[in-house]
Every structure is written in C-alpha cells, then in structure tokens.
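Consider the two complexes below, in which chain A is the common component and chain B and chain C are the respective partners.
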Partner chain A sequence: MKKSINKISERRAAYIFILPAVVLLAAFLIYPSLQTVRYAFTDYNIMRPDRIVFCGLNNFTELLKDEDFWIAVKNTLYFTVLVVPFQTVLALALALLISSRRKGVSIFRAAYFSPQVTSMVVVAILWTVMYNSSPDSGLLNALLVKLGLEPCGFLNDPKTAMNSIIFMSAWQGAGYQMMIFLAGLQGISREQYEAASIDGAGKIQSFFYVTLPGLKSVIQYVVMITVIQAMKLFTQPYVMTKGGPQNSTRTLVYYIYEQGFQKRNFGYACAVAAVFFVIVISLSLGMKKIIKAE
Partner chain B sequence: MTKRKTFEKFAFYFGNTLIALIFVSPLIWMISSSLKPESEIFKGLNSLSTFFPKGASLSNYIEVFQRINMWKFIGNSLFYVLVIIVLDLLVNSICGYALAKFEFRGKNLLLTLVISLMVFPAEAIMLPMYREMADLGWINSWASLIVPFVAKCFSIYMFRQFFLGIPDELLEAASIDGCGPVRTFFRVVMPISGTVYATIFILDFVAHWNDFMWPLLVVTGEEKRTIQLAIQTFFGSKPINYGPIMASLTISAIPMLIMFIFLQKYYVEGIASTGIKG
Partner chain C sequence: MRKRVIAALLTAALTAGVLTGCGEPKKRVNEDGESVITIWSPSDEPAIEEWWVEKIEAFNQAHEGTIELRREAIVRADSYAYEDKVNAAITSNDLPDILYVDGPNVSIYAANEVTLPLDDFFSEEEWSDFFDSSKQQNTYNGHIYAVGATESSVALYYNKDLLDAAGIDVPDSKEDAWTWSEYYDAAKKLTRDGVVGTNIIMDKGEGLSYVLGQFWISNGTDFVNQEGSSAEGYLNSQEGVEAAEFLNSLIRDGYANIDPIQKEFHNGKAATMLGGSWEVATLEKDYPDLNWGVTYFPVADENGILTSPTGDWAASVTKNVQDMDAVKEVMRFLFSEENVTTYAQAISKPPTRVSSYDVLTEYNEYPRSVFKEQLMETGHPRPRTPSYSVLTAEFAEAMLNIFTGVDPKEALDAAAAAMDKDYNKYYAKD
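== the complex of A and B ==
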C-alpha cells in the first residue's frame, strides 16, 4: 500500500518537474519551428503582418533562381570546408604541445584558450582593425611589408575577405576544441605509448599509430560540432564586412537576417531558414550515423 | 638527467612560450593600444614597440566611460545572463531529474524529444521567434532576452546524465525518512550535485554573455542594450578613435575573464565531458 502511494506521488512529482521545461520548449522551440515551415509557404511581409497569403512553393522556386541565395550557400560551404580542417588541426596541434605533464602547463593552456574567453564580437572588431589594408594602420600589413611581402587587401578584397574571416575564426575557436582533445589525450594509456616505443616507434610513428587511432572518436565529435558551428556563421561577417565586399562573405544565416529584417521579406526568409534547417539537421544526423556505424 | 631530456624540456618551454606569445599577440596589442594616445597606436606598427605602450595612460578608458554608459551595458548583460542561468538551473535540473529518476507516462517520448531537439539550430527559427516576441509585446523587454532561453535541451540532458549516477539507495533512504520526491530532490540531491550546476552555470554564462544575434534583433535603443551590442555600436560611432575602441573591447572582456578564472575547472570539465559523452 505504501509503495503504491509512493508511486502516485512520484508520478505527480514527475509531471510537476517536467512541466516548466515542457511548456517553455513547446512555446519557444517547437512552436517557432513549425511556424518557420508555415511562413515559408506564404508571402508574409513584415510591414503587413495582418495580410499573410499562402503562396505554395513560390518561395522555393524563387530560391532556386535567386543568385544571392546560391552565393550564400557557396560562401557558407566554402567557410565550413576550410575552417573545419584548419581549426581542428590547429586545436590538435595545440593540445599536443601542452599534453605533457610539466610545471606551468596551465599557463600555456590559458594562453591558447584566451581568445575563447574574449567574445566573438570583441575579436571580430579587434581583427577588423588589425586587417586594415594600409600598412600604415593595419598591424598585419605592417608585418607583411616588414617581411618583404606585398600588403594584402584582407577584408577589402573579395578574394581574401572570407579567408581572413576563416583565419580569425580558427584562431578564436581552436581553444575550445583543444580542451576536448586534451581530455581525449588523457584517455590514451601510457602503456600504449610504451609498447609502441619498445617496438621501436619514434615520436612521429607513435603519433600516427597510437595517438590518432586513440583519438578517433574525439576527432569525429570535434569535426561534427565544428561543422555545425561553422554553418551558422553570422557574427563575423556582420561585424567585419556586412556580407561584402561583393557578397563574398554573405552567409546563409546572414542572408536570412538580411531578407527577413532588412528587406522585410519574412516569408521568403523563412523559406531560406527552412532550407538552412534541413541542411544543418541532415549534416548532424549524417555525421552521427557515420560515427555510430563505426 | 640525460642530455636528451634536458633538450626536450628546453624545447617544450621555449617552443610553447614562443607559440603562446604569437598566439595571444592580438590580445596583447589590443591592451597595449588601449593604453596609448591615439597618435601612437599606428606608429611603429612594424616594430615590437607596438606591443608595449610607453607611458601608459588610462585616458582612453576615461573617454569610453564619458562617451557611453559602459556600466549600464555591462550591468544589463550581467543581469539578463544571470537571470537566464538561475532559471535554467532550476527548470532544467528538475526536468533532468524526472527523466533520470522518476517513472511516468511519456518519459521515453520526452527523452527522445530532448535529444533530437538538441541539434535544432536557433538561427533557423529566429524569424518566427521574433514575430512571437512582437505578438507578446516583448520586443525590447527583458522577457524577450530571457524567457525563450530558459529551457534548454542540452542542459536537461547534462542534468539527466549526472543524476543517473546518483545511487537509488540514497533516494530510498530519504524516502524512508519521510521525504517526498520533491523534498528529496531539493534537500538531498541538489546539495550533492554542485559540479553539474557549476558546469552548466559557466557554459551558460559564456554562451549568453557572448550572444550577439538575438539581442541585435530584439533590443532597440539604449535602455536594454547588452555589452556586445554596445561595443559593436561604439565601434561604428563617430568620432572613430581606435584608442577608446580598444579600451572598450578590453573592458568588455573583463567580466568573462573573472568568471573564467573562478570557474575555469568546471568550464574545462564541461567542455571535456560533452566531448567524451558525445
């Protein structure tokens, strides 16, 4: 008898405990997600919220013809394809640099992590100043000239603007992935290294035959979160380039923002958002599947 | 000590010092420039002196505080971020606890939902979210900055994983002592779960302190302006003097730096644990 009373009070407690989270998730995650899909099939303009007309697949057929949309897709993919390997390798290199247990390691760890502690807006503004295209007022160009190289246009040149953002983003973000790698490196036992060294493996061989295989699942995880983060690129182009020059840094999320809030084509922007949503979800599910399959 | 070991030790410290200095040089330059008079900042950029202010002065900092209400913007950010965190810790921990320790109908469905909603990109739903805020009359209010971010699938999941590790015997003992399930949670479970609360605290703090996009959409004017919006606005407002800009960047990094120094351990653990559990 006592037990069943306990069960009832437990069930009641359970519903009370989940209620706030469930209500909030329904209101601010599920509802807006469904609305995104709904608006994507309308001609909703933000200036006329009272007049929302269903327009079928119009937004999507429009999208296929929209050159700016495809540029945004291309830029987003370009950023992702370059920043992910660059940032991951940088993070792994930093983790390896400080993986040994020596005195003072925490100082170096803090140094490599410090860009993470300064916010993206801060580093984006800082690097905008550093990237100034004149050697007289741009730190990086002054350095290039000193090394006897040509000054670079960086953010002012459509050819180099996205690469400049990639470089800065990897610098800012690598510390985070480094921490994950450090935890992964601790999971590889000392014996494995010793065994490899008895077998005559040098530092480089033991990296390829012990470290890399031991980190496999960590690397997969890091790549996955970095890809998803990269797909959402917005703050850097917003602060540094406003999507320019010549659309070279306009990304999908930036395009959603621009269409929805600046051009006020809410319905159309929702269609872009829906496509973005499908891309991100399929990427993360796809990568999860690959990880699980192995 | 063999020669080789000495060399390795030297290489470790020398290499790391060099690389670390290069790595943080942009931040050193930021601080150094914030202490220089405007005319000095871009002088001698190609020499090492650019990283060392001669005769440091705080005049740029004074100018920032004269031109904009920095305290207010930092206060705004601290306020809304801390409110989100407190509510997040409460709402998501009880939900995570129910998922870990209670039996109820719909439990598996809810768990599946939480896990699959975790990958939802907020950027994809910001337009209808904005509309929802407008319908609720929440534009430019604290509510729009706080309420949508209280419930978080990630936090629920982290809490659940942690609470799964609490032995059932402990809960049974509390129940025999006459504690109902609610009291057991607040009196027995919460006090021994400091680590997970601290971890979510710092992960949340970093995420929301840095948030830029959502405040950009829902905050208009100075009243609710967050620190990230404030430095971005300051960067674009005339007269563009780089000394004060660098000073504003430096100031805005301080609260997070302090938070990080105190909660570093939990932050690192939080990052590491998300990686290992996948």
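== the complex of A and C ==
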C-alpha cells in the first residue's frame, strides 16, 4: 500500500518536472507548427492578416509546378550530400591530429574550435571578402594569381558558388564535431591498441580495425546531426549570395524566408515549410532505420 | 492517466498561446495619463541619433501632461531586417503609431491599409512647400500616406586626377549629361592599373532598383505601367532589355566590378561612381585628400529622357494608432520648417521643404547644387505598386543573373511575370 502511494507521488513529481519543458515546447514549437500547417492551406499575405482566405490545396499544386522550389530542393540535397562526408572526415582528421598528448596541442585544439564560437554571420562576411572575384580585393584570388592560375568567380559563378559555401561551412562546422570525436577517441581503451600492436598491426591497420569500430556510434551521431543541420542551411546564402547567382545557392529554408518575409507570400511559405518538415522527418527516420538495422 | 495529463497540459498551453496571441491591444497611455506615441525609425549615424534625443525631449517638455513621445531605433542593416520587424508587428497588430518606411514601400503599406492617409495633417499652403518628388513618392491612389523630411538623389561622381590623366572632360550642365555611350567610353578609358572605370551600386538589394531603374526611365520605359498593376511590356520591353544590356556591358567588359569592395571610389579604386547625395558629406569629412567632382546622371543615347533617382524614408501613421490628434501634433512637429531643416542638416541630405533651402544655402553651391537641381527638375521616384517588394527582389535577382551570363530578355521576362502574378493574386480584386 505504502509503496503504491509513493509511486503516485513520484509520478506526480515527474509530471511537475516536465511541465516547464512541455509548456515551452507547446507554446513555441507545437503551436506554431500546427499554425504553419493551417496557414499552408490559405492565401495568407503577411500584410493582410485580417484577410486570410482558405484556398485548399492550391499552394501545394502550385508548389509541384514551381521550378524555383525544385531547384531549392536540389540545392539543399546537393549541399547535404557533399558537406556531410566532407565535414565529418575533416573533423575526424582534426581530432586524430590533436588527440596525442604532445606539448602545444591545446593551442591547435583552440584554433580548430574557434570558428565554431564565432557567429556564422561574421564568418560568412569574412569569407565573402576572401572569396571576392577580383584579385585586387579577394585574398583567395590574389593567391591564385600569385600561383600563376586564373582567378575564380567563387560566389559570382553559378558553377562554383555552392561549392564555395560548402567549403566554408565545413571549415566553420568541423570544430564542433572534432570535439565530439575527441571525446569518442578517449573512450577507446589503450589496451585495444596495445593488443593490436602485439598482433602486428601498423598505424593504418589499427585505425581501421580499432579506431573506426570504436567510434561507430559517435560517427552515427555526428552524421545524423550534421545532416539535419545541413538541411537547414540558411545563413550562408542569406549573407553571402542572396540565393544567387542563377538560383545556384537558393536552399529550401532560404526559399521559405524569401517567399514568406521578403515577398510576403506567407501561406505559400508555410506550404513549403510543411513539405520541408516532411522531408527532414523522413530523412532522419530513414537514417535511424538504417542505423538500427546494422 | 498519463495520456490524459499530457492532453490537459497541451490544451492549457495552447489556450495560453491563443490568448497571448490575440489579446486586446494594450492601451497606449503611461502612468501619468499621457498619451504615448511611439515612433519606429532605422537607427542612424550619431548626428541623427542626437537630433532625435534633443527633439523628443523638447516635444515632451512642451506637451507635459498630454503626450509622451518615444522612439525606437531599429537596425536596418543593408537587407530586409527592418521590414522583417514591421511584418512581424503587422501580424501581431502591434505596430507603432508612427512608422518610418522607405519611399517605394509607401504604396505597399497603403494598398494593404496598414497605413492611413495624411492629407489633412497639413494645410494646402503647407503642402505646397514640400517637394513634388517627395509627395509623388508618398502618394497612393490620390492620397498622401507619408511625409518625408529629406530627399535623395544620385549623380555621377568622378576622380578629377584620374580623369585629367586620361584627358576626359565632364559635362557641366544637365543638358550635356553623358550619354550611355559617352559614359561607357569614359569607363573604358579609365579602366587600368587596378582601377575600374566606374562603380554602379552593386549591393545585390534595393540599391539596384533605386539607381539602375533610372536606365529604364531614361530609355523611354519604366518598371511598371502607370497604375502599378503590371510589369509586362515595361520591365521587359525592348527599351528595358537595351538598358539591361548596356549595364551588363559595363560589368562584362570589366569596366565595373560585380562585387566592388566597400568605398571603392573613395579609396581611388574606381574612377567614377553612381553615388548618392549623402556621399558628399562622407567624402568631405573622411576623404579630404581625394580630388573629386560630381556631374549629372547619364542619359540614354537617342532622345534619352533626363532622369535621376529620388526617394527617401518617410513617416507614415499606422492603423494601430489610438490617439490620432496626438499623432497629428507629433507629425506637425517633426515636419515643421525648422525641424525639417535641422534634420536634413544632421543627416546631410537635401531637405524636402523648399523653404529649408533659404537656410541651407550650401545647396545653392556646387557640388550640392547638382543634387538640388536634379531633384527639382529630373527626379523620378521608384515605381509605385503594391507589389513592389516582389518587383524589387525579382529585379535584383534578374540583374545578378544577367551579370553572370543569363540572357537579359529571359531574366527580365521572369521578373515581370513574377511581379504580375503577385499583383493578380492579391490586389487585382481590391
């Protein structure tokens, strides 16, 4: 009898503990998400909140025919598919570089991590200056010209704009994943390496047969969060390219912003957001399934 | 049991959200019973911020017990940050009483009934003291929806030393303003040794519509029709395509940079620039060693129409206003002869009231006289259409596409279609 009373009060305590989180989530996440879905079926123009008319599936049928939307989908996937492996490998390489206990390593650790603590807007502005297409004002082009190469358009060339953003994003983001890998590396016991070396494994072999399997769950986690983050790409195109040139850097989230706030087509933007939500959810569920199946 | 509790929590949270979202608007009165009037305007340079502090203090002292004037300075940045904030306030019905808006946005807010007509704020005689260019920009459907204290204009700045070295003379009357071909040839001659011939505002944003739109007007067309309902046949007309092709030739041939460094002209890296009237003060103050001059805005080759950009931020009154009499009092104070003059002086822009020029005599002398003359005689505001936000974003995108290799006709067709689609979706039925 006494036991069950305890259990009830324990349960009540648990609810009280989760209450603040639930209230905040409901107010700032669940409620707005439901509203987004509702507005997706209206012609809501942000200037006329008093004249919202239900328009059925219009926004969605329009979406299917909207070339810019499909380009945004393509760009977002392109960014994700390239940046995730690039950034993950870079982060792992950096983590391996600084995992040794040599002197002075902490300086490098701080250096590799520092882009992460800088605001993305600041980083994006700095890289915009470095990527300037004229060798007189862009650092990277000045280097290219010094090396006797042709200057590159970087952000002004539809062929290179997205790749330029991918490179700087990986540079900026790798520091964070590096820290996670570093923690993962420390979780692999020394004995495994010793055993491997007694069995005659070299550095490369012990990396593939000890380090990588030991990091498996860390890698899964890193890939998962990087994918979700990559899908949400916004700041870089917003600051650096405004989605151009020729649509080459217009991502889904930037398109939502552009439609909703700049062009004030709020209902339409909500429809894009709803579709975006479905894409991200199915991607993460799919990835979870693959991971579980292993 | 557990499910029921969660359900109850969710419902409570949702109701709370709904209630806070749609509550009655707050009464705009302070503890002393004074009517509180709030102004939103972009944050600006120190001289202007000081002007605001001083004027608000003076106003509040004179109206103690009746009105309290407040101002919120809002960061504008060079993109759409300010408008994002206004959009949010429209949604939450929480607009300030007085809202400063950029000239071309006046029609958007007016068409959507976000702002109110102000025709009776000044007498006929008082209105006649305001510049036509400013009133034109601030008029929608026959009513005035905003009042501005200052105007802006753009002319062609040039580096005297570089032009002398290249043996190029500049026109000294607007009738002789450079034609596009003359402008192109000058830019071509001046491009050498790491200096580009000219700088055509390349901010990838509003600057493009503001300055480059004049090339459409000069070539005998415009962005949209008279009613502001369609861009088809205007933005993408033959004349429009020619204008785009001309601008593209400057970029393509390397006589202007697609992404110029900051202050390219000021630092001697561009020999000429299409620059705003506000640059005069910057150049005088911060670049005393630069030997510069200014001449009239270039004009299209054959029978080109003399033109120049105009338009500036102006104050409008929003639908959320509660004490209209107090707002009128504030507006009459802010745009009095004296305050227009001191404001224009602080911000170094040409004032909108003719009488202010009796005090600000520097506008009768070169170089400022060039801007005054353009404003009074050749100024054209940006298009007045409720679909302006779509139009300007599409135009900026089209120009960037053209500058990176897309066919001008194709790019302008797409922009015109997007603008027309927006108009037909929201405003055609009004």
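In this text, the second predicted complex is superposed on the first by the 271 of 294 C-alpha atoms of A that agree within 3 Å, B and C clash if a C-alpha of one lies under 4 Å from a C-alpha of the other, contacts with A are read in each partner's own complex, and residues count from 1 in each chain.
One rule holds for everything that comes next: contacts are C-beta pairs under 8 Å (C-beta built on N, C-alpha and C of every residue); 3 or more make two chains touch, one makes a residue touch a chain.
Predicted model only: the values in this text are computed from it and were never measured.
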Is A:R48 touching anything from chain B or chain C once the two structures are fitted on A? First, second, both or neither. second
Kindly classify A:A142 by the partners it touches after superposition: chain B alone (first), chain C alone (second), both, or neither? first
With the two structures laid over each other on chain A, which partner does A:N58 touch: chain B (first), chain C (second), both, or neither? neither
Have a look at where A:M179 lands relative to chain B and chain C in the superposition and call it first, second, both or neither. first
For A:S99, decide between first (touching chain B), second (touching chain C), both and neither. neither
Chain A residues touched by each partner, larger count belonging to chain B or chain C: B
May I ask you to decide whether A:S133 touches chain B, chain C, both, or neither, giving the answer as first, second, both or neither? second
Under the stated touch criterion, which partner chain does A:T118 make contact with: chain B (first), chain C (second), both, or neither? first
Based on the superposed arrangement, let me know which partner A:F261 touches: chain B (first), chain C (second), both, or neither? both
Please indicate which partner A:Y15 is in contact with in the superposed arrangement: first for chain B, second for chain C, both, or neither. both
Overlapping contact positions on chain A, where the chain C interface meets the chain B interface: 11, 15, 22, 27, 30-31, 49, 136-137, 238, 261
Touching chain C in the complex: which residues of chain A? 11, 15, 19, 22-23, 26-27, 30-31, 43, 45-49, 132-134, 136-137, 153, 155-158, 238, 242-246, 258, 261-265
What residues of chain C sit close enough to touch chain A in their complex? 2, 5-6, 9-10, 12-14, 16-18, 79-80, 83-84, 87, 90-91, 93, 108-109, 112, 114, 194, 204-205, 257-259, 261, 269, 389-390, 393, 396-397, 400-401, 403-406, 422, 425-426
Note which residues of chain B are touching chain A in the complex, please. 9, 12-13, 15-17, 19-20, 23-24, 26-27, 29-30, 42, 45-46, 50, 91-92, 94-95, 97-99, 102-105, 107, 110, 113, 117, 119-121, 123-132, 134, 147-151, 153, 156, 175, 180-182, 185, 206, 209-210, 212-213, 216-217, 228, 231-232, 235, 242, 245-246, 249, 252-253, 256-257, 260, 264, 268, 271-276, 278
Touch list for chain A against partner chain B, complex: 6-7, 9-11, 13-18, 20-22, 24-25, 27-33, 35-36, 39, 49, 97-98, 100, 102, 104, 107-108, 110-112, 114-123, 125-130, 135-139, 142-143, 145-146, 171, 176, 179-180, 182-184, 187, 217-218, 221-222, 228, 231-232, 234-235, 238-239, 253, 256-257, 260-261, 266, 269-270, 273-274, 276-277, 280-281, 284-285, 291
